[in-house]
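After this come two complexes, each holding chain A, first together with chain B and then together with chain C.
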Partner chain A sequence: MISDMRKEKTRIGDILRFKLKGSIPFANAIRRIMISEVPTYAIEYVYVYENTSSMYDELIAHRLALIPIRGKPLSENEVITFVLDKEGPCTVYSGDLKSETGEVAFKNIPVVKLKEGQRLKLECEAVVGIGKVHAKWQPCNSAYRQIEEEVEFLVESHGNMEPEEILVSSIEILKDKAERVLKELETLEE
Partner chain B sequence: MFPIRCFSCGAVISAVYEEYRSRLLKGENPKDILDDLGIKKYCCRRMFISHRIDEEGREIFDDMMEHDSY
Partner chain C sequence: MAEYRCLNCGKIIPASELNLKAKCPYCSHKILVKVRPKVVKKVIAR
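Now for the complex of A and B:
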């Protein structure tokens, strides 16, 4: 059903193009699930021990949350802990977040600048969530267009996982949803 | 500081910001840098173009740091 898969690597993520034989509502269901219901990791809790930088704690926490974290979650309760300790003068990059169980997708994202004597020391927890709750958990952007009998798809991943993985998990989620509807219908008939 | 993601589409544009900045300070044309870095969509391109960096590479955040008491 899926044909003509082409993958392109860019500096800010991968782009996947493919053709799908199916209806527009089906294509839209897949697109919407890819954007808002595929689970990913994002920093949710930040414990600030010392912040003498020129940026407020909550602003730093917000910037940290938007950094994509690599990996496909296996369960809902997984937590990845990161630690950060830096003293100025320097720039704090996303690659300075150290963890034993996970890694950030891009190591060169500037988070905050520190001058002489300023210090940033914090611990953060990345948890599993979906794009419907907050855009920081959104793994990709997606669009499609109809060309004659086929639907041409475009998936731009944000570095959390490969676009193929996003597509596979979105199809699994759609299948679960369809099965749930069927089950509910069967109980109604009785 | 430069925004981590594009305000409109959510692409992680800050991953290429450091390269954009250093090349801009060398005097390259922003259009050529962005084309080369693969920033195609105009929502992402305006994030770079509207971010002010002066000739010495100073941003607004550098002025904020100067006024801080620490």
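Now for the complex of A and C:
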């Protein structure tokens, strides 16, 4: 069913291309689940101790939330804590977020620039979520096109997980959904 | 208790020391900046 799988590394993440022998609705279902229902980590709570930078707290928190965090969640309740403490003059990058249980996908994303005397000290908690709730939890971008009887897929990961892992997770989620519908139909028939 | 910092001399002045006229009691400068309170602020990052 899946053939011609190729992977290429880019500066911003891995791109997986493969061909799928199936219907368009099936391909679309996998694409939609990959984008919006595969669970990932993203920063949700930011505890600001000190912020004398030129950006206000909510803006910095929003920028921190959009930083991709590496790792495949095993359960819904996992939390990864990051700590950041920097004093200017410097640029605060995503790589300055330190944690004992996790790491960011890319260390060179600028967060804020600090001048002499400015300081940023905060703690962040990254929780598990899905892209449907907020775009920060979106693990990838996906597109497909139909070529004769086959569907050619392209999955571009944001660095959180490998694109193959995203594909496998999305198929498991689709399978769970189908099984749940079957179960409810059986209950209705009774 | 709110605290204010004088922009001229940089001294910290508690709100209780200020009367109706907002003036630095040390250098009489009229511009005072409110100091960020020493509480941890929880921000939901959305």
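The definition used in the following text is that the second predicted complex is superposed on the first by the 190 of 190 C-alpha atoms of A that agree within 3 Å, B and C clash if a C-alpha of one lies under 4 Å from a C-alpha of the other, contacts with A are read in each partner's own complex, and residues count from 1 in each chain.
Operating definition for what follows: contacts are C-beta pairs under 8 Å (C-beta built on N, C-alpha and C of every residue); 3 or more make two chains touch, one makes a residue touch a chain.
Every value quoted in this text rests on a predicted model; they were computed, and no experiment measured them.
More residues of chain A are touched by B (comparison of chain B with chain C). Of the two partner chains, chain B is the only one that A:Glu156 touches; chain C does not reach it. When the shared chain is aligned, chain C comes close enough to touch A:Tyr47, but chain B does not.
By the touch criterion stated above, A:Cys124 is placed in contact with chain C alone, chain B being left untouched.
Of the two partner chains placed around the shared chain by superposition, chain C is the only one that A:His134 touches, whereas chain B remains out of contact.
Of the two partner chains, chain B is the only one that A:Met55 touches; chain C does not reach it.
When both complexes are overlaid on chain A, the residue A:Ile109 reaches chain B alone and has no touch with chain C.
By the touch criterion defined above, A:Arg6 lies against neither chain B nor chain C after alignment on the C-alpha atoms of chain A.
Shared contact residues of chain A, touching chain B in one structure and chain C in the other: 52. Contact residues on chain B toward chain A in their complex (touch as defined above): 1-2, 4-5, 9-18, 37-39, 61-62, 64-65, 68, 70. Chain A meets chain C in the complex at residues 43-52, 57-58, 61-62, 64-65, 124, 134, 136. By the touch criterion stated above, chain C contacts chain A in their complex at residues 36, 40-46.
Of all the residues in chain A, the ones that touch chain B in their complex are 10-13, 52, 54-55, 63, 66-68, 105-106, 108-113, 115, 117-118, 135, 138, 141, 156, 158-159.
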